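Letters are used for the chains, namely A, B, C and D, taken in the order the chains are written, and counting of residues starts over at 1 for each.
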Amino acid sequence: EQAQARFDALIDKDSRVEPRDWMPAPYRKTLTRQVSQHAHSEIIGMQPEANWITRAPSLKRKSILMAKVQDEAGHGLYLYSAAETLGTPRDELNEQLLTGRAKYSSIFNYPARSWADMGAIGWLVDGAAIANQVPLCRASYGPYGRAMVRICKEESFHQRQGFEILLSLSRGTEAQKKMAQDAVNRFYEPSLMMFGPPDDQSPNSKQSMAWNIKRFSNDELRQRFVGMIAEQVKVLGLTLPDPELRFDEEKKQWIHKDLNWDEFMAVIKGNGPVNAQRLERRREAHREGAWVREAAAAYAAKQAQSEVA
Amino acid sequence: SDEVAAYALTLGDDSLILAQRLSHWISRGPELEEDIALGNIALDVLGHARSFLTYAGLAMGKTEDDLAYWREEEEFTSLWMVEQPNGHFGVTIVRQLILSIYQHLLYSKLAESADETLAAIAAKAVKEVDYHRDHSIMWTIRLGLGTEESAEKMRHALEILWPYVDEMFLDEEIHRTLPEVAVLPSSLREDWDKEISAVLADAGLEIPATGQAMAHGRRGEHSEHLGYILAEMQVLARKHPGATW
Amino acid sequence: SDEVAAYALTLGDDSLILAQRLSHWISRGPELEEDIALGNIALDVLGHARSFLTYAGLAMGKTEDDLAYWREEEEFTSLWMVEQPNGHFGVTIVRQLILSIYQHLLYSKLAESADETLAAIAAKAVKEVDYHRDHSIMWTIRLGLGTEESAEKMRHALEILWPYVDEMFLDEEIHRTLPEVAVLPSSLREDWDKEISAVLADAGLEIPATGQAMAHGRRGEHSEHLGYILAEMQVLARKHPGATW
Amino acid sequence: EQAQARFDALIDKDSRVEPRDWMPAPYRKTLTRQVSQHAHSEIIGMQPEANWITRAPSLKRKSILMAKVQDEAGHGLYLYSAAETLGTPRDELNEQLLTGRAKYSSIFNYPARSWADMGAIGWLVDGAAIANQVPLCRASYGPYGRAMVRICKEESFHQRQGFEILLSLSRGTEAQKKMAQDAVNRFYEPSLMMFGPPDDQSPNSKQSMAWNIKRFSNDELRQRFVGMIAEQVKVLGLTLPDPELRFDEEKKQWIHKDLNWDEFMAVIKGNGPVNAQRLERRREAHREGAWVREAAAAYAAKQAQSEVA
């Protein structure tokens, strides 16, 4: 009871909960799920971009792309560490991913079909991620908030790189511009859905906001994001595939087309274009790497033994 | 000069093809830490490639991308060792062990080249390669002494890669014409032999008794792998001649 | 007509990409007899591809090679199933089982198409596909009932391929506009389900409970694999535009 | 003694020795080695051509090439069967190949670097093989001779296809013609060496001739071959990389440049450009196929058992 009161007080004054602090089981569970899903998303999110590293059309772009995918692996690592401070070991989190019990961001279940997707993913997907994540830097759980600070800094760098890729393409040849527009067309709607279902269909959001994990509702975040890209797309000289998009001065909000939530749900359930491929790639890496991990463990054990002896 | 450019090109090509091979590991490593480590190595090596190719291109009126994307297979001068497939993790580690010990010796000497640009590139690169070398030594020992299976896989890796060792130390015309500038590959052999033998001994492994392939990548005579590597690497750039990215 | 050509193209593309995948096995099979068997299947399937593409090209003023080598990824209409990697031998066998049962049903119906050329190609192809089907059924049973390891590998193969099954039976505009000529894919589903269920039952295997990928190869929306397949397949032809071989 | 006399009589009247017949151990051993080397050569010889199947520049050429490589697998099978009639099972012969104890034709230890190599291999390598093999159709060992009849028929078809590839290239663009000439340059000398060392350095030839296995000496066969390609190269509009090549009217023989027998010996010893790669590919296929062969054997055993029961 005292512990619960202390926890409530921390939340009330918008302070940080740290790993040593007592916390209610549902808070721990919610956070573990959210942080590990976020970690899994970083890891699975490496794949669409890794798909273009060997084919990047200039050495500079290849180098930037490699560094970006590296950063994502790094983000995955911080986030797994943050999740571990909540009491679930990384092996177990990984197991949840490989067996399909844990989710990751649905956007990565769409294929990266062209080089322009490296731009669209950077601009739209990382852009939406940032909109989601900036408020998380103030999340009530300390290790998560601190990880987000570091991640957001790198993500905004990635977003700018994505924007630059699209800008180069849209200022390039006809074929390049077409490639860029096609990528934006394919990623626009899925990126808007990255913020989750409309507020009236998002029952868990309220509790997360009460716990100071979430700071803004799904729709609020989506609004910010749409507003941002609606401006930026003009600089790119491209269009968003949404003829209905406009700012409603009366309601003071952006009106966009109806999003295909049926598809969203289908993708979440495992029926997206490349869900199966993404998971199998993870499983394959895990399977093929088993002998390496075993050897490393055996070697470490022998070393420990010989130090004792 | 044209000769210096041609020499820089050989160094650039080795690094470019090796980076291309290594980068395939990103998102496929045996553990997340290795995705990062191999990715960092790939990124460093790609950086070296870019420095050497940019410098080579200066004398030729070409950019690094002209050289990377618009040359044909027979114009590349890479060693067969860098062209060898990644195979399983042990093969990649052994290839990296062989190459990073080699590049460490090479760049250490090249840092004293009479050509200031090459010397500067090498002086920077040698520090990075030092880490690559440590990383592959550490894994060689772990896998050599780990389990029966890992030791067997390392023996296999040594066997399939060793035939391409001699080529790394062949002196070609290009090296002889630049005595003050280029490092004579043969001059690295003794130290390389000593160093790798010591590592293998520490790992409970032996130098395998294989033949040596008649490999002459420096002359544009490549392994059957390079055609596939280039087809993939160049496919997009070549669909858009003259484009900026 | 243009529609018939577009329909022939879909059949040609499936066969072309499948033949390309299968041909990789030649010189890599688990035994010499399989190098020959898979090679024969690849050769038959390539033959079907050539017939369909040649016919499609007639209406378009193009040759089979124009269509194979000079279209971009989004112009190909192949199914995701044929684009899936070979994997281990069991994956190739399951893919072939899925596809040869499908093609057998498809070509049997197509042999009665109002389009005489398509009917003739299908009538010839169906006999060959009959052998492909037998071959993959035989191996499915052997591997399903062979060892623990082989059964596990077959279960795995079914799991990674099954998500691409539904796409094979999607009716597209092109099928609906040619009711007398084209075979409606959905009309094959029932028989296909029956047939493959029977084979899997005989092999001690089950239809896996996987999701279904939103695959739309017929619309030019392909798996991430096709780009790599085409880069390799087209690399040489594209270096020599206008050349005769 | 009686058996030896019967064998000698068979050889004397140039008849065929059949598997059921008694034969001297050295005859059996020599033949087993020769036939199995020949089989291994067919199998390893698939690799340089398999290297270009997925990249063949037209569908017609792709189809022809696939059929050719298939034929080679088929030749391998006949020849292993012929070798088995001499008492060594195929598994054992395969084991000899994989462990490097058995040899195969050295020419396949050169890489197939360009599409034109498909032409040069067909024209020169298959051409040399035919020159070697046509006399073997009359080899004293029945199963070998009969296998050779079938093989030679297909090989001459392959040779014509190779010639046609080169002809198309040499009549094509400048780049194609250059590719063709380069391939001929690389394969000319190794193909001449396919007949083996000069007669005065080929100690085993004499015994093989006495046994009616070999019908012509290495140099005789080489002469025939050189004469043939010296004519054909004119039709191709290409040149042979041998400025010394000429027919000496006095000696009634072709004079060609000195061949690099040091390289030949090095390649035989395992130091050719792709010896290691060729063997490793075979080993890899064998290793990766192990579970398939085991499963097939286990299934066959179960079937046999259930038939008995």
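A few remarks follow.
In this section, a residue touches a chain if its C-beta (ideal position, glycine included) is under 8 Å from a C-beta of that chain, and two chains touch if they have at least 3 such contacts.
All values reported here derive from a predicted model rather than from experimental measurement.
Each chain gets a centre from the mean of its Cα atoms; the one farthest from the centre of subunit C is B. Annotation: 40 Å between the Cα-based centres of subunit B and subunit C. Inter-chain spacing, taken between the CA centroids of subunit A and subunit B, is 35 Å.
In subunit A, the residues that touch at least two other chains are 55. Counting partners per residue, subunit B has 227, 231-232, 235 as the residues that reach two or more other chains. Taken as a contact graph, the chains fit none of the simple arrangements: neither line, ring, star nor complete graph.
Looking at which chains touch one another, you get A-B, A-C, B-C, B-D, C-D.
Those residues of subunit C that touch subunit D in the shared complex are 16, 20, 23-24, 26-36, 39-40, 42-43, 46-47, 49-50, 53, 64-65, 68-69, 88-90, 141-143, 145-147, 149-150, 153, 232-233, 235-237, 239-240, 242-245.
Interface residues of subunit D facing subunit C in the complex, by the touch rule stated above, are 43, 46-47, 50, 53-63, 66-67, 69-70, 73-74, 76-77, 80, 115, 165, 168-169, 171-173, 175-176, 281, 284-285, 288-299, 302. Touching subunit C in their complex are the following residues of subunit B: 227-228, 231-232, 235, 238. For subunit B in complex with subunit D, the touching residues are 73, 160, 163, 210-215, 221-224, 227, 231.
Across the interface of their complex, subunit C is touched by residues 48, 51, 55, 111-113, 263, 266-267, 269-277, 280 of subunit A.
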